[in-house]
Structure formats: C-alpha cells, structure tokens
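Shared between the two complexes below is chain A, which has chain B as its partner in the first and chain C in the second.
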Partner chain A sequence: MTIIIAILQAVLLVAAAPLASGVARKIRAKMHSRTGTSVLQDYYDLAKLWRRCEVREGGSGLVSRIAPPVFLGSFALIAAGLPLAMQACPIPLLGDIITVLYLMALPRFIFSLAAIDSAGSYTAIGGIRELLVGVLVEPSLMLVLFVMAVAAGSTNLGIMTQAVGTLTAYPFVAVVVAGVACAMACYIEMGKLPFDLAEAEQEIQEGPLAAYSGPSLAMLKLGVSVKQLVVASLFVAVFLPFGAAQAPDAGAVLIGFLLYAVKVTAVLLVAAVIENSVMRVRYKYLGRYTWFVVGIASLSLVFLVIGI
Partner chain B sequence: MTTKRQTALRVGETHVQAVRDTFPGAVLDATWQAADQVTITVPTDMLPDVVEFLYYGRGGWLPNMVANDERPINGSYALYYLLSMEESDPGFVVVRAEVDPDSMEYPSVTPRVPACVWSEREAFDMFGLRAQGLPDERRLVLPDDWPSNLYPLRKDAMDYRRRPEPACAVENYEFLYEGHAEETTQVPMGPLHITSDEPGHFRLFVEGEDIIDADYRLFYVHRGMEKVAESRLSYDAVTFLADRICGICGNAHSVAYAEAVENAQGIEVPLRAQYIRAILLEVERLHSHLLNLGLVCHYCGFDTGFQHFFRVREKAMDLAVLLTGARKTYGLNLIGGVRRDILDEQKLATIAYVQELRNEVEALVDMLTSTANFESRTAGIGYLDPAVARDFSPVGPCVRGSGIARDVRFDHPFDGYKFLVGLSARSHNGCDVQSRTLVRVEEFMDSLTMIEQLLEGAPAGPVLTEKWQYTPHKFALGYTEAPRGEDMHWAMVGDNQKCYRWRAKAATYSNWPILRYMFRGNTVADAAIIVGSMDPCYSCTDRVTVVDVKKKTETVLTKDQLEGYCRRRTHSPLAGKGW
Partner chain C sequence: MFGYPLVNVLGACLIITSMMVVLARTGRAAACLYSLQSLVLVGVLASLGAVTGSGELYTWSATAFATKVVLVPAILLFTLKKIGGEVPVDLPPKLNPMKSVALVAVEVFVCFVAVSGIDLPTAAAVKPTLAVSLAHFFIGLTCIVIQRSIFKQIFGYCLMENGSHVTLALLAPQAPELVEIGVATDAIFAVVILAVLVARMARYARTLNADDLCELKG
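Let's turn to the complex of A and B:
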C-alpha cells in the first residue's frame, strides 16, 4: 500500500511540475502586465525538446551525458520518500534526512561536474556558482533538520511530520524559528530569483544549461521544475503537515493529498510573487543573505538547547 | 578699426590667438565656417602639439577626427581634429593638417590625447593614412577578410556597389590583454550575446569571476553609409539616410547632418522649424531613456520593471506617431527646416501626453529605486574614473554620471535649446551605473519640461526655407545631443550636388574606448549591466550595413500597388505570396 503511494507521489510530482512552473510563468506575465502563455506551455516546450535531436559538445564525456537523468532521477526519488499525504514516510528508508540531504547533494555534484566537463566558459562559471550556492545553503538546511530531529526524537521525516502535526514537537519556539529558517533556505535552494545564479540568463547565458539540447535539455528543465516542487514540498511536509492522513487509509490519504496540493500551491504562489519583485542578487553578496539564514537556523539551535 | 573689433568678437578667436602665441608660426590659416566654428590649418608635424595644447591647455574635448581625401581639390589628404571648447570662449576649433599623398604618414596624436585612438585607427582603415606612433594599429572598422590594400573611402578606390573577394577565411582579430595577473581565463561575450541583441564581440579576461581586463571588436554591421552618401545620393537626400543610422536616435543624426550643411552654406533655418526640431529631439530622448531604464532592470534580472518601463514607453511612441506620423521620428528633416508643422490640436494632445508620462514614470522610478538589490547591483559598479573620462572624451549620461556636466544642448545651444530657461546639464558624482541611471531619470523629467516650454514658446511662421545659394567645397560641423550623447557630423559638399565627404560620429563611438576601464575590477555578473549603462548603440557606431535578404521567391511591387496599400492598409499586395 505505502509503496503504491510512494510511486504515485513520485509520478504525480514529476507530472505536475511543468504545470507548477507554467502557473509561475503565468503569474510572472500578469505581474509584467503581459497576457503570457498558456499554463500548459511548459508541457509543450518539453514535448518539443523531446522530439529534437541531441547535440553534444565535442570532447564532453560520460558525466555530461548522465547528468540529466541523474538530476531528474534524484529528485523523483526524494519525491517518492517525502511524507506528503500521510504523517509518515511511504518508504521509511527514503525518508531519513541524511538520505534526503545526500540525494539533494548528488545532482548538484553531478551538475557541477558536467559544467566542468563542458568546454564553455559560461558553463564553468555556472558550475562554480551552483557549488557556491550549495556550500552556503546546505549548512543551514542541515542545521534546521538537525534541530527538528532532536525536537522530534528521530532523523526520519515521517516521525518529524507526526510530531509537528500533533503539536508534540518540543521545544515549540525552536521549531517555529527552525521553520522560518527552513522556509528561507528552501527558497534559496529552489533557485528562483534573486538566487538563480547558476542559470542567470542575462549574466552567464543560463550557465550549464547552455551545453544541453534536445531530450537532455528537456530532462534538465523538467528536473529543475521538479526540484522546485520537491523543495517546496519538503518544507510543507515538515512544517505544515496539518491535515495529512494519520493512518494509511484510502479516504484520509486522498484528503491529505488534496490538502497538500493546496498548501504547496500557496507556497509556490508566495514564491512566484517574491521572484518577480526583486533584482538578482550580486554573486559576490550571496554570502550576506545566507549568513542571515545561518543566523536564524543557529538561533533555533540555541532555543533548542535552552529548551523554549 | 570696425573690422578689427568685429574680428575680436568672433567665437574661437581667443583660442586661435593662444595657439599663435604658444606656437609661433603654427597657424598657417584660420577660417570661420560658422559663427561658432573656426578651422585652423597647422603644419603636419605640429599637429600633436597643437591638439594637445587645445585639449588639455584650453579645455577642449575631442569628439573625433575626420580624414578626407582632398587630392582632387588641393592635391593632398587632410585631417580635421574636431575640438569642442567647453571652458572659456565656448565653440568649436577644428585643427586641420594636410598629409602628403606620397608618404601617407602623419604623427599620431593618440599618445598625447588618447581620445583620438579610434579616429586614427579608422583613418588607416578607410584611407590608408598611417599615424606614426599610434600604440594600437589594429583594424577597427573593416572586416577581417577585407583585402589589406583597399581603402574604401579614397576617391579612386572602388565603386560602392562592389564588394571585394574575401582575403582570408578565418577571423584574425587579435584581442589585447593589458592586465598584470598572469593566469586569466578568456570569456568570450558575443559576437552574439543573449543580453546584447546586437553584434559586438567582447573578450573578458577573468580570474574566477573577476574581470581583469577586457577588449572588444565591433563594426560587425558596418554599412558603408558614408560611401553611399558620397557616391549615390544628392546632398539634400542624405538627411533621410542619416535617419537610418540608428533605430533609436535617427532624428538626432538627421538634424546634425542638416545643420552641418546649413552651417556650411549659411542657411538661416526659420525659428519655428528650430523649435520643432528641438521638440522632436526631446521626444526621441523620452523613448530612448525609457528603453534604457527598462534594460537596466532587465540586466539585473528584474523583468517586471523591464516590462513596465516598456509599457509606458509605448506612450512615448504614441507621442511620436502624433507628431511625425510614425513610431520613429524619421523623415522629418530637410536642409533648411522640417517637413511638418505641429498644429494646435497636436500641441494640446502633446501636453496631455507629457503630463501622463510624467505621472507614470515618476511612479515607476519610485518602484525601481525601492526594489530590493537595486542599490547593491548598481552602486559602485562600472566605475568610470573622471581622469579616464577626461582623456577619452566620452559623452552623454556616461560622462555626466562621472560628475562632468558635458551636454551639447547647454554647452553649445542650438535650435530651440537657445530659448530654454531654467534648465542645465544634469550630472551625478558616483561614477557608477547608479549615477548614470539617475542622470537618465532626471534628464527624462527635464525633457518633459523642455517639450512644454518649447511648445509654448514656438513662434508662428514658416517651417522651411528654400532660399540659399549652393557653394561647393564648403564644410562645417553639425551637432546634436542625442539621448546617448553628442552626435557630431562633419560634411563637405562637392561640385556635383553630392556630399564630398560626410563623417557621422555617433554618440557611442566616443564611449566605446572607455568601456575597458569600466569593466576592470568588476565581475562577469556585472558585465551586461556595465555595457547596458553605457546604453550602447551598435548600429550607430557601425554606421550602416546594407542588409541583403534573398528569398527564394521574389516579388516585385509596382509603385501603384505600394501607394494603394499605404492608403488602404488592407489587402496587402504581398498576401499569399509566401511572405
């Protein structure tokens, strides 16, 4: 039963990701005072790319070739393990925070490696930036999840979810502050403006994406949309689990899933509004923002230690 | 006695006297082309001394140098170093020197006055005149595959319709690195770059993301317009060709050319036409500055601002439609005036547009300056040292953002600008992208005020004069302040009702050489916005390419068909023919 939920989760998230990015594009267009494209445009784009032939850079090797499937696959795998519709992980093995963090680090690693593999200079700069974002954001995310692990008494996301959902996670203030830090870290991790440094179109011509074409590019583009949805879902799963099913019974799971859809849509709407009202942060100053997030995450640790 | 007093009053007399005093015997000849323009002829070997003296010693700035093949007139080539005197006795002093057609050499002024560098490189490309001591002798204008011994602007060089066989098959332009860091990565930006939709090839020398130095190659779209004007058009049709120099500030070029001829021939333009020219120039500035403000947002990744500035910009375009009948202020200038008057109802509608634009843009600018990261993206970025600016004579918001208030509209008032009250050139001291952006914002608001003042002040009367005597081989300068800086045209008419030599200097031509200094010390992330803050105009700089689009199916339209379509705007004669 839970295996089916896990597979369904992964499939649905991957299938819905272009819709989510399509809606974000529509919101962007509205804020630009444009009509904008259909919300289904990202599906059309992917279909078109999928039909195109693939062009590889001369001299690029295996890493470049496997990067798109690894990128997409890792996030699909995370999607399968998250406690979305239930207050427990469908597959407990995949729900451990250590596993999740490493599954998020793997595509970043491969992505950067592929960037170095490519001959383009913009690609390499994009790869460096991707690593920089990772180095600066991951510590806060780890710290937050560590605080939650202590508060809930387990490193399993399902148990954290249950603890937050039933309001038994202690200490309360530490959890709320951790939630704020997690929201910020997740926003940076989503790679939306002002933090879309690795793919900054105007600065480095979409960085590593420039080296790809055809189906590979489709996979990467889909992967980026899935990543945004998964990261938003991670935040929703851990800090907003209210309404998710307590036990694996079909009706409750269905309601839980619908509620999850509403919650994640709300989070994405907020993100879409933020991304259209700011300028891209200067690459040099990214550290200032992430220090702020690290500060809040540390604060939650302090609250945890003193127990409020 | 009376004649002596009259000569003492002429503009530029003090500068000529100063040159006479400092370099005895240097001034071989001094003639006035217009009230504010004097040309002095000096011996070729005195050239660097005289230009340097006028530039640094007398407060001159150098828009450019014009080379001219005068062998049919007096047996030699001539160089005209145009100097805009902006401290005491404002006006234009042109230093002329003749170059022997056998040796084809002259001493380079660039080591003394760096602002000459592009002009001297171009003089070699176009005429084969070699500047001895020029530090940078690379090709500037001609493409890499151009034969090395063909100099297109020489009178006996080539027919303008011909194109020589390519001399080589590879790009061989050498990018120069002037930095000190040993190991740098080269990042090519262009020839086609995603954020600069026109062709320019920038080569960034970077360490990590830090730009150590930069070099660039432009003129990919050189259209050979000067050659076309000299060989194909009559001199009074060139105003329309000058419109096409730029897609944004065409009118500024057209006015500059018309004024060059008018100054040379002593044509008195009716007062009302002068006002109308100034109004149209300001309308052009409105939409150009909105374009740049939008692009600043775009380069910073703030597309919301970009789209909104472009939404408002449509109103400025509507205003152009109202006043000229087209979205571009094209085709309005003639030698001697303008083609179209501004009627009373158009005046009222214009004032309404101006008010609307003022409100909308004020709100948008508030939004822009309060947007997160605007300050950190623009403050301190693309630093243009005022000392570098002094050496290279940049123009427009670019130099005004470095605290130097150079503006032709106020330094050498022309046309309707002579009658403005209470306005002065804007400048900011930050020397960075932010200052240049703020200068544009303020100038936009000033332009609105100017349009109102000019509409109110325009006297009734004719808009065109056709009474003048055509005198061959007279030459003069025409100048306007385009949105991006001064446009400087130098025109000499021939004895065949054509331009003998026409040199159109676009604003951006003066700004490119300083870009390298603005790049240094910034990061790759800032490269696009630094280029953008200069508001470069590739096609103006490149002056002209004839685009030859060959389709498989060719359709020939008759004049009647086209005229009918212009009136009806329906039933396109091209419909159903694969277009």
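Let's turn to the complex of A and C:
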C-alpha cells in the first residue's frame, strides 16, 4: 500500500509540476497586465522539445549526458519519500532528512559539473552562480531540519510530521521560528525572484541549460519545475501537516492528499505573488538576504537549546 | 501550555519583538513595535502573577501597561512629530540589519550559558526567560552601538530597561509595588529627558547622526 502511495506521489508531482509553473507564469502575466500563455504552455513546450533531435556540444562528456536524468530523477525520488498525504513517510528509507538533503545537493553538484564540462564560457558562470545559491541557502535549511530533528526526536520526516501534526514537537517557539526560516530557505531554493528566474535558461542564471537541447532540455526544464513543487511540498509536509492521514487508510489518504493539494497550491500562489512584487537582485548582494535566513535559523537553534 | 511554559513562550516572543524593534526601518515603526513588545512584557508579568499567585505582579502589569505600552511610545512618537520635518530621522544602521539577527541569536545563547550556572530556587522553572531578560541588556546595547540615529538609540535604552523589569519580576515576584514604581518612573523620566535632548540636538545641530555629533562642547 505505502509503496503504491510513494509511486503515485512521484508520478503525480512530476505530472503536475508543469501545470504549477504554467499557473505561476499565468499569474505573472496577469500581474503585468498581459494575457499570457495558456496554463498548459509548459506541457506544449516539453512535448515540442521531446520531439526535437538532440544536439551535443563538441567535447562534452559523460557528465553532461547524465546530468538531465540525474536532475529529474533525484527530485522524483525525493517526491516519492515525502510524507504528503500521510503523517508518515511512504518509504521510510527515503524520508530521512540526511537522504533528502543529499538528494537535493546531488543535482546541484551534477549541474555544476555539467557547467564546467560544457565548452561554453557562459555555462560555467551560470554553474558558479547556481553553486553560490546552494552554499548560501543549504546551511540554513540544514540548520532548520536539524532543529526539527531534535524537536521531534528523529531525523525521519514522517516522525517530524507526526510531531508537528499532533502538536507534540517540544520547544514550541523554536519550531515556529524554524518554520519561518524554512519558508524563507525553501522560497530561495525554489529559484524564484529576487534570487533567480527559473525559466531564464537563455540567460546567465541557468547557464548550463544553454548547452542542452531536445529531450535533455525537456528533462531539465521539467526537473526545474519538479524542484519547485518538491521544495514547496517539503515545507508543507514538515510544517503544515494538519489534515494528513494518521494511518494508511484509503479514504483518509485521499482526503490527506486533497488537503495537501490545497495547501501546496496556497503556498505556490503566495510564492508567485511575492515573486512578482520584487525585482531581481544582483548576485553580489545575494548574501544580504541569505544572512537574514541564517540569522532566523540560528535563532530557532538557540530557542531549541534554551528550551522555549 | 499554561503556567511556566506560557511564561517561557512569552519570553521568546520578547526576543522576537525586540529584534523587530532593532530591525525597524523607520522611527515610527520602531515606536509601534516597542509598544507591542511592552504588551508582551505585560503578558509576561501577568502570567507570572498567575503562576506565582503574587498579587503585586498584577499591579506591576497594570502600571507597565500604562507607562510602557502607552506613555513611552506616545512620548517617542510625539518627539518624532516635532523633529520629523526638520532633519532626516531614519538613518541606516552601521551593521547590516540581516547580520544583527545572527548577533542577537549569539547573544541569547551566551546569556543562556551564563544563566545555566545560576542556581536559584525562584528561577528554576523560568531559566529560559531569565536568559531572555539578561539578553535584553545586550540587545539594547547592540541597538545603541549599531544605530546611527540618536533617536533610535533611545530604543536601545528602553530595551535594556524592559530586560531589567523582567529580571526583577522573575527573581523577586513578591517585591512590593514601591520597587516597581521606581523602575517604571525611571523609564518615563529617562525617556522624557532623552527625547528632549534629541529634539534640542536636532534643532541645534540639524542632524541626528551620532557620527556627526562629536563636537558637543559648551
């Protein structure tokens, strides 16, 4: 039963990711007073790219070739392990925070390697920027999840979800402050403005994407949308688990999944509105914002140590 | 959730609100946030009163409400109105506000380490709040050191004062009202004097920047 839920989760998240990014694009268009493209535009783009033939840069090697499937696969794997519909991980092995953090770091690592592997000079700069975001954000996310692990008494996301859902996670204020820090860190991880523009593959930000074409580019584009959805789901799963099923019972799981869909839609809508009300920041000044997240995350750690 | 845990949760809210006072961009926002912080302080005093069964603490919370939630922010807002049009009040702080959050977190931790060595029967259950109240001295000091505007430096003093208020309530809940009156009037008069000084300096030197005010002779 739980294995089926895990597979369904992964398939549904991957299938719904282009829709989520399509809706975000539509909101942006509406806020810019444009009509905008259809919400299904991302599916059309992916279908078109999938039919195109693949062109490789001369001199690029194995890393460039395996980067797209690894990128998409890692996030699909995280999606399978998250406690979305239930207050427990469908596959406990995949629900450990250390596994999740490494699975989030792996695509970034491969992405940066691919950037160096490519012959273009733009791609390398894009790769460096991608790494910079990782270096600035990941410590906060680790700190937040560490606080949650101590508060819930386990590094398993399912047990954390249960502890938060039943309001038994002990230092109450520490958990709330960690939730605020996690929301900020997840927002940056989602690659939204003012930090990044996820669909700007022709620009310097998503530099490595410039070297791909055809099915590889489709996989990476899909991977970027899945990443947004997975990161938002991680936040929803850990800090807003209310309404998720307590036991693997079909009806409760269905209700839990519907509630999860509502919650994640709300989170994505808020993120889309924030994204459109700010402008892109220069990479030089990125540290200013991430310091704030580090500060809040360390405050939650201090509250945890103090015990409030 | 009630009893001592509530006191500790409100103590954590004190830290969060005082951080917001330090980070506030405008003097007006800082005054409003200070009022909010004092409201949390009133909550701490009242909940401590309920936990320890001390009638004095209820009186304390009532006087704290009148002086700190209403009077002190009102004086500060009035000063701001007086000097607002003449000189720029909202100067950027010396330290990046984002870094000051991390600094506050470090201060709270250091205070907790310091407090964990204290072994008092009255403070055994509220040690976290005791650490918070001690940390307020350092947060106030941080506010005074990092702020350029002398108007915002007043808030540093007010935060330190709030810290001493909580410490007193935690360690001596049965202390007579007279002691509290001392603390409360102290705050009012100090803020009035500081506000008058700020207003006069603004009128005389045409600036509130502490870096420019280094020639106040005679």
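Assume the second predicted complex is superposed on the first by the 299 of 308 C-alpha atoms of A that agree within 3 Å, B and C clash if a C-alpha of one lies under 4 Å from a C-alpha of the other, contacts with A are read in each partner's own complex, and residues count from 1 in each chain.
Here is the rule we go by: a residue touches a chain if its C-beta (ideal position, glycine included) is under 8 Å from a C-beta of that chain, and two chains touch if they have at least 3 such contacts.
What you see is a predicted model, and the numbers here were worked out from it, not measured in a lab.
Of the two partner chains placed by the overlay, only chain B lies in contact with A:277; chain C stays clear of it.
In the superposition on chain A, A:101 contacts neither chain B nor chain C. Contacts of A:122 after superposition: chain B is touched, whereas chain C is not reached.
Shared-chain residue A:33: touches chain B; no touch with chain C.
In the superposition on chain A, contact is made by A:306 with chain C only, not with chain B. In the overlay built on the shared chain, the residue A:23 is in contact with neither chain B nor chain C. Shared contact residues of chain A, touching chain B in one structure and chain C in the other, are absent.
Residues 185-188, 193-195, 208-209, 297-304, 306-308, 311, 371-374, 376-377, 523-528 of chain B are the ones touching chain A in the complex. Within the complex formed with chain A, the residues of chain C that make contact are 5, 8-9, 11-13, 15-16, 19, 96-102, 104-106, 108-109, 112, 127-129, 131-132. Contact residues on chain A toward chain B in their complex (touch as defined above): 28, 31-34, 121-122, 125, 128, 193-194, 196-197, 200-206, 276-285.
For chain A in complex with chain C, the residues that touch the partner chain are 172-174, 177, 288-289, 291-292, 294-296, 298-299, 301-303, 305-308.
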